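To start, I am sharing the structure in question, which I have written as structure tokens.
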């Protein structure tokens, strides 16, 4: 079976088109129910919280591919101006103000459902050209899920369990690896969960330099894990890598075939470039791998993704 | 007592400089303890969640004052390109990608501690010029609180209780109004809480047009509420208005004197332009005015504020 | 004849498709020959020069329509930082650096040939979707004319000659008005000239406030002037208004029908929002209405327009 | 004499402070008179024109140092949208529109007089903190020279004459090299000229890759050429390198000492990253090394530099 056939078969086998009606804009987030949200809140036992975001600044991995730069943050006013009396405010008040310009995919983010198409079709079978125009995503813009991305998170530290700390680049994480990791952690994964897969690549590039982190070789989910992703009915998945799936891709001349299956066909919310390091340390220490996770996108109208600061609470 | 004297007196009376050591960068967020976070999670009973963010798009209130524009969101790739085969990806995959340029104060946000100075001093008594340069906030950048803004939120719907729905512009909310509202709601406010004050102005401008929402007359906290804010030891406060405090300010020729007291001197986290409408409806319906609140800033290194999507869970 | 028919007829009558070969990307700039450039240089007699650009800053006319903001200029480093020794450079050197974010149509600009399409066709009959994708104008990007926009400029101060100073909004400038103005000035217009039409609207909005300068009612070229524009074989035309042609447009429910004829069909370079005030004063004083004009676009690869600072030399 | 002393001596020896009055904002552009402008226009003999700008796109040399990215150009509307009928305009008109975000120093540019300070002093002895705040350059903003940068350009192809085509990195161009080049070209340089120095580095990096073009080793003007620059009374100077002067700098631990002398003290307009390749070919072919040069900055209010597209006419 060649790439094109394999992708088509997986797309068909794991399609959720129509599962939540023709108007659906949430995909697998439909699995994340209110009951799940209550269950998730019960996981907060110690009151510790973790930011799962990388920093947003010029020291990031982006090198300009697809016009993706690192975030450019500039000041409109500063404390230096204030100290020298350059601001003209009364009674001694001074202020600082700032601006940012950034690609929405530059650092820790969610891919919206309009981020990927399969043969011209977007999520739920809609024609891509009716969904994302130059005016943005008119249907499944990231604002449609502004309030609902809060539930049970589960960390699968595949890097630690399978890789002894870190998986090498090009390592394809299969269903077997995921199951073995969950078993080692003593954690179960089910409907509505948000799965965080740590490969350890972020730890490595922090030690060794970014290199080709943004788009180059990386450990990641195998194309063949799509069945597990579908069967478990998870609400979302996220990794500490640039692109969620293994790179190079497992088919020759392919580009992100797992994206092509899970985003437009399955309707899965995919997170990338998450920083799972501190959380993973904590989970290893206390042996508890599930937690409440709140990972709200900025409701940028029509965006096909959003920078995020996911918060894990244990 | 003139403005300058009143501000100086309040700044002295309600200063928290040194309270958490000379190195502190968190201010009143120190009140938000792990125990508080556990208590907050217990408030999730129904599993409903609310985004408290306004949308981020060109239909916002900004008109260019202080170079504050509404967010400019543009596409790097679209579904239209994908549909017409303009992207050059293999095997039928297509993609959409996007970029944003925005002031960090353009919509729903937190003010960082480096956002306001008092006579050249930033939070904890640091010289403003040592804190916020053109390179950003080198000390209290918003990234320093990336992981910790999750706790108990309390809605004080002053608009409903005192204003019969909405407070008029220029209405100064005093301690008495806050106490009366809390009592009407049957809710208590204490150490480490995040207080959300609904004035109703956002409902009004949504109905009548933005007008001068960004910087013009507005209901808001009275300068004289600073004592209550200090005494209650709340961790943060947020409103549905542009500037948190009443506008015009209560002193002639003053500019945001309450900011001048509470941010650099008290170390208070202040939120603005929050959308409390749906949450307020729900609270009025079920009579429960406290909830878990997760309002994580984007960790933009050195930022003096951050756009946010606060999530309330009940 | 209804709008659709009139536009179709003018498009056919005044088409230059194929006139300079199938590969042409310059349109009427082909009329601007080397001989013309030599002739133009001879017009520099006194050595005076005029910038015909409006300023690029937040005090401009843009209000957000089509996501067009005024230019946002921010500093990366300042003299204030330098004065306070915050920059870390050796031996006493300090620096200031800056950044801009702006729509290419925000102020004085050229429209590139990829800026307008007629029934899905771009200049020279190319399918619009093959010319301008999300990657920009792949064929007629503004960089293709980077070096050649220098020639003889002619000012037609229609505002002064016909309007006694300023034309009212909605005034349609016809061939008769253009000819009468040229005659009053004692100037001839011919092949390869760059015609600058002053309506006086800019003078008016400077006095009275921007109002709806960006997109609202304005004096401008009549749809029926297309024949004159074609017959004279001018290389380019520019006005002191937002949109070059009269607004409201002369057909009901139409939007910029003259653009639709002259850009994709005729291949004309169109300039907008030029500041002709100082030049017009000078021409009125010395009675000389032609000059050397150098109006080079920034060679932004793939841009469908460019901010410019046109220089007139007399 | 150490670096600090040498810089101080050169700053004193070559200072033009007060030369054109205390209010002056133009520096050496004062040498560019109307007579000079007339003389320059006479140099247009063949009517050929050359853009001396590099392209503005993501394929540039910037790597993020000092938050300098390459220009990010994005589309607001495209021909693809138009072709698929996604724009909603009447009668068959379609459009494309675009936006740019860029540092003003990212590609071919002028340094404004507010770009560099010497021991906290800006051009004409003004305190740097009074000139360039977070609001931009309040005194010598690039808009102050919007209309006047048009005059006689002279190419000194030092790369060809001294380097046999290209000078190696770290090659310091001295007065002797400049004089020898001028003599070889048969050209004289005098008051008010704009001198374009070609080192050949741009040709090299185009062949070999950008490498460290933006900030790394480069041929360039020697610190000791300051006397020649001052004595000749040139109006401006530009090179095909990132930083105009030789890199590494000729003093240990120094950073751009020649900038420190010529910009704040001499008031010289400095151009960088010019593309002199095509012009140099032409000059070598016809033996004529002077020409009319129009290099107008975009009048970005308060900018300390501007992207430009310099036009040379012969």
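So that you can tell them apart, the chains are marked A, B, C and D in the order they are listed, and the count of residues begins at 1 in each.
Assume contacts are C-beta pairs under 8 Å (C-beta built on N, C-alpha and C of every residue); 3 or more make two chains touch, one makes a residue touch a chain.
Treat the numbers as computed from the prediction; the structure is a model and nothing was measured.
Colleague: Give the chain pair, either A-B or B-D, that is connected by more C-beta contacts.
Modeller: Between B-D and A-B, the larger count of C-beta pairs in contact belongs to A-B.
Colleague: At the chain A/chain D interface, shared numbers over all numbers used: above half (same) or below half (different)?
Modeller: At the contact between chain A and chain D, which are copies of one sequence, the residues are largely the same (over half shared).
Colleague: Taking the mean of the CA coordinates per chain, how far is chain B from chain D in Å?
Modeller: One centre to the other, that is 45 Å.
Colleague: Could you work out how far the Cα centre of chain A sits from that of chain B, in whole Å?
Modeller: Chain centres of chain A and chain B, defined by C-alpha means, are spaced 26 Å apart.
Colleague: For chain D, give me the residues that contact two or more of the other chains.
Modeller: Answer for chain D, listing residues that touch two or more other chains: 67, 72-78, 80-81, 83-84, 86, 99, 101, 129, 133-135.
Colleague: Which positions of chain B touch chain A when the two form their complex?
Modeller: Listed in rising order, the residues are 3-4, 7, 33-38, 40-42, 44-51, 53-57, 59, 66-68, 71, 73-80, 82-84, 89-105, 114-120, 122, 127-137, 143, 146-150, 251, 253-257, 259-260, 292, 294, 296-305, 307-311, 313.
Colleague: How about chain B: which of its residues touch chain C in the complex?
Modeller: 58, 64, 67, 69-70, 72-78, 81, 84, 86, 101, 129, 133-135
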